[in-house]
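Look at the two complexes coming up: chain A is in both, with chain B in one and chain C in the other.
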Partner chain A sequence: MTRVAAPKLLLVLALALAAVYLFPLYWMYATSLKGASEIFANPPTFWPREPDFSIFPATWERRTMDTFLWNSLVIATGVTTLTVLLGTGCAYVLARYRNPWIDIGLFAILMLQVLPASVMITPLYVGFNQIGLLDYPRTAVIIAAAGKSIPFYIVLVRATFMSVPSELEEAALVDGNSRWGAFFFIVLPLARNGILVLAILTFMQAFGEYIYSKSIITTQSLQPASVGLSGFLGPNSTDWNGIMAYAAMYVTPIILVFVILQRRIVSGLTSGALK
Partner chain B sequence: MRRILSSITDGKGFDLIMVGVTMLFLFALAGVPLVYNVVMSFQQVDMFNLNTFSRPFAGFENYVAIVSQPEFWLVIRNTAIFVFGSIAGQFIFGFALAIFFMLSFPFASTIRGLFLVSWVMPGLVVGALWGWILAGDFGVLNAILRGLGIIDGTMFWKSDPNLSIWAVTIANIWLGLAFNMMLLSVGLAGIPRDLYEAAELDGANGWQRFTTITLPMMRSTIGAVLALGLIYTLQQFDLFPAITEGGPANSSNVAQYWAWQWSFQLFDFAKGATVSMMMLIFVLVASIVYVRSTRHEVRG
Partner chain C sequence: MSAQPQIELVGIDKHYGSFHALKNIDLVIPKGQFVALVGPSGCGKSTLLRSIAGLESITGGTMKIAGAVMNGVPPRKRDVAMVFQSYALYPHMTVEQNLTYSLRLKRVPRAEAKKAADEVAKTIGLQQLMHRYPRELSGGQRQRVAMGRAIIRNPKAFLFDEPLSNLDAALRVHMRKEIRALHDRLGATSVYVTHDQIEAMTMADHVVVMRDGVIEQQGSPLELYDTPATRFVAGFIGSPAMNFIPGTIAADGQHVTLEIEGVAALPIGRNLEPGRRVTVGLRPEHIEATPGTSGQIVLPVSVVESTGSLTYLTTDGAPELTVVITGRSDIRSKDTVGLTIAPERVHIFDAETERAL
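On to the complex of A and B.
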């Protein structure tokens, strides 16, 4: 740890590390632009010889990506809405008080956060089947996935609320606001940024949700993009440029949002995640 | 009535509604299914009684049947390799990178933030990327390793039973590394700088500073990161259907994927519930460690 080492040298090293780490992403884009024979070249070409962009519209058409992505959008929007509606108020109350009941609530939420989706899917599927919810498969997935993302959201949004000074809220109450008024007009606007970042994070996660959709949605026209991708992916896949083109179209929006909001996402995540 | 109303607008009723509705939802979506899962693991469940609650009681039959499956120990072994391999890889590389990015140079935090892009990508896409990178004959990893002179022949990462679990583990290390690094960076940033300066004045070298300051000061962070690593690794599912589908011959099958296969490929929901229950025991142990190491901050 020589702190005087040339910062420029360290910067170069850091960029090299990032390049190695992000190589899989580069490889996705590079492969998608290669022709059907070039992907099997040995040794592989690191830069596509004749970049062919027609693969994107072709894959979009052939894999009915408009339907898949629309379903992903519906599911992600539903999950995010439900999570924000149910999680925000709860996180606020859990941030405002400190007593044994709150500790029990927090403990319960932390425990819920750790349940693997692969454990929950069996009883959820059987239970949903019994109450007839499987007839509305996308709704069923939204509810199940929201149950998974709410605990995570509460833990992080609670950290945001803890940083809102309670004096402001008390002043609003003295001025004659109801609790609801103080919450909606004073506290929420102050915590807006943190809530927004976590809502986006919830959205991105729900956009890639796989296991619940795969298990619950059997009608192809209702499946999200993750299930659509799994349809032509497996140990024996060969259509790699098509798969990479599909993957690229699927994740590029997520990557763009992430790069634009990177700073905020990272700080929103680290403020409460671990500690 | 009036008192209830005014409590809802101005008093405790407000808090109770805010917490109560959410807790009820979570109870219905997590608490009830969890109990139901325990019940099912002691029942005979088939396609005919899937819709009723009165199913024949099976005692420990499901558990006995699962343990006597020929692949049971293989799955346990694979789960252990996947969990410990992933945690070790993510933690060691994550810690090294976190320390590196604590050095002061321009754009350090921006470049570090870029790493986290792996964490927001859909698991299935990450699986697809690594499935292609790790492909036997045409995969780029083999080409790179050959180019560096590390291997001579071809490593069939996905189809060699000795390697297949490692293929998924490598992908999972890549996926979780950035998150580990981020959490460890938070811990490192919390160590007062003057401790290092004082140690340096006393003549401690880099390694001594690491073992006598960094590690002890990071103890609770490291505990939480490792516990979270265990929790997230046991939650990892998407990579398996994307890369190996548990094969060949279950050589890369792990508990979480096996449980899903029982329920959704063999439609034996009772066995699926049973494997889930066994796995849950490990998750609970990890979560107790995690909750203990976060407790004082959460109250904070």
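On to the complex of A and C.
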């Protein structure tokens, strides 16, 4: 193998792997445009013979997607706000102070991340029920999901804060700023990229949150789109193009955000590691 | 120079948990003086500077700046400026914004701040760089911005934390002079931390040598050079470092017997208790070397190094001695030299306490 051939070969390999990963996504879009009989055609058609775009408005109407997506938006916004507000301060403290208690705290936070949502839901449900939080199911989901996303957020934002030299803060203190001022006007602007990227990732994750919403929210008009989609699926469901149209409308905004911001997201995730 | 103290430290103590970082530091810095804190790393010099800035709290003692007690006062209310080793320029601000940051915090009107920034930029030669970001500047330029940020505030004291250690040798020598000239022009009070004794000797009016959290000795640079109070100060000040030879005071009390074989007793020009165990200190530049066997100490030479203006001889044997000769020398390695030293140039330290006798 020559030196020139190696990068080309790797490129081909990367494209092949990407095709495998992205195929379900393509299949979702393709299936949503197919007619009922074409979906079950054997062998399957790779390109819809008669693309029917009317499935999108029809599904939107029939499944009250505006309500579902609105609920998803409310929950994702709530989770992101709570995570950024609580997680940023916590990450900063964990980045700046070093003592055994901080190490214990960091370890506890990492442990929290290990626990899966499906294990957490039972105790959370019982607890929420006892304090009456189940009467506000979306708030309950926001709190539960934020608890799940904060550890991830803290660990990565902490790395961002650690890449901001503490001498800059000290210079600001000597220059006449207060502790709070130095944090808000020197440290935060320099950590802005990392915080922004993690806020977006948190938002996207919360937008697709399922387990807590499914278990806690029983009123259909308060359920997010993820739960709405699962209600669509039944043991005898045949409405595959409707399901695919629903899924397409649900994930397309997230995919668009990711594509638009991907350059920033990648650089933000590595900014703590590389200096 | 007025005698009014600008910074006054009385019995300063600092503990980090069980570690005693500063031990009973007393230091008075008159207004307009340039004071250097020197010592090996970990001696507490940076901790002391950061305590003056208010970045570290002190555990005991009294700290006064311009007559006001500063214990527990936050940095922003101390009116001191600090230049950091890494410069600590705000990366998201231009040079001008960096310079005027402290003024903006004080709510100085925009036009006035700009005028002050222009003036400072002229003083330190930054006019062309006002709209650049720190990442677009060279090391020397960043250093200047860091200086400018301190100057613009007209503070009660300037604190420097090894500001030149990131520059190359030539620029360091240049900035040394520039900082000192700036200090004189502004009539400022400066405290300068360095581990480089040459920087301390050349720049400061008053040098404070620290070791393990205590002040070993303080005084003018030449006082420290001529009359070091301890063996540590003697070894730290002066380059190349002083030669140390173990010895014993002879029976007459006016000579010292060196622990080098076949060497006669050296006259010491003072009267000490006979039989006392001591360490003898000889500065390389105070030893006269002549080829041949005439001299107080006769030893073979192992290495000869010449810089053109100076020649360094290293003798064979233990302990090896370094000798500096001004100009060139005919002495070659393996030759035998006779070394002579004037009695008043012989430093004697107690072997136990390491204090000068």
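Heads up, the rule we're going with is that the second predicted complex is superposed on the first by the 251 of 275 C-alpha atoms of A that agree within 3 Å, B and C clash if a C-alpha of one lies under 4 Å from a C-alpha of the other, contacts with A are read in each partner's own complex, and residues count from 1 in each chain.
Here is the rule we go by: a contact is a pair of C-beta atoms (placed from the backbone, for glycine too) under 8 Å apart; a residue touches a chain by one contact, two chains touch by 3 or more.
From a predicted model like this one, the values you see are computed outputs, not experimental measurements.
Chemist: State whether chain B and chain C clash or fit side by side on chain A once the two structures are superposed.
Modeler: Overlaying the two structures gives chain B and chain C room side by side.
Chemist: Take the Cα centre of chain A as the vertex and report the angle out to the centres of chain B and chain C, nearest 10 degrees.
Modeler: 90
Chemist: One more residue to check, A:Leu168. First (chain B), second (chain C), both or neither?
Modeler: After superposing on A, A:Leu168 lies in contact with chain C but is clear of chain B.
Chemist: Which partner does A:Gly242 reach: the first (chain B), the second (chain C), both, or neither?
Modeler: neither
Chemist: Contacts for A:Pro189 in the overlay, against chain B (first) and chain C (second): which applies, first, second, both or neither?
Modeler: Only chain C is touched by A:Pro189; chain B is not.
Chemist: Could you say whether A:Gly78 touches chain B, chain C, both of them, or neither, answering first, second, both or neither?
Modeler: Neither partner.
Chemist: Kindly classify A:Gly176 by the partners it touches after superposition: chain B alone (first), chain C alone (second), both, or neither?
Modeler: Second partner only, chain C.
Chemist: Which holds for A:Pro137: it touches chain B only (first), chain C only (second), both, or neither?
Modeler: neither
Chemist: Look across chain B and chain C in the superposition and give the shortest C-alpha distance you find, in Å.
Modeler: Comparing every C-alpha of chain B with every C-alpha of chain C, the smallest gap is 7 Å.
Chemist: Kindly list the residues of chain A that each of chain B and chain C touches, one partner per complex.
Modeler: 178-179
Chemist: Which residues of chain B touch chain A once you look at their complex with the stated criterion?
Modeler: Within the complex, chain B contacts chain A at residues 9-11, 14-15, 17-19, 21-23, 25-26, 29-30, 32-34, 36-37, 40, 45, 50-51, 53, 97, 100-101, 103-111, 113-118, 120-133, 135, 137-138, 140, 143, 146-147, 158-159, 174, 177-178, 182-183, 185-187, 206, 209, 221, 224-225, 228, 231, 234-235, 237-238, 241-245, 247-248, 256-257, 259-260, 263-264, 269, 272-273, 276, 279-280, 283-284, 286-287, 290-291, 294, 297-300.
Chemist: Which residues of chain A touch chain B in the complex?
Modeler: 1, 3, 5, 7-8, 10-11, 13-15, 17-18, 21-22, 24-25, 27-28, 31, 39-44, 86-87, 89-90, 92-94, 96-98, 103, 105-127, 129-130, 143-144, 146-147, 150-151, 154, 162, 178-180, 183, 201, 204-205, 207-211, 214-215, 225-226, 229-230, 233-235, 237, 240, 243-244, 247, 250-251, 254-255, 258-259, 262-263, 265-266, 269-270, 273-275
Chemist: Quick one: in the complex, what on chain A touches chain C?
Modeler: For this pair, the touching residues of chain A are 165, 167-168, 170-179, 181, 186, 189-190.
Chemist: Which chain C residues qualify as touching chain A in the complex?
Modeler: 53-55, 74-76, 78, 80-82, 84-86, 88-92, 101-102, 105-106, 149, 153, 159
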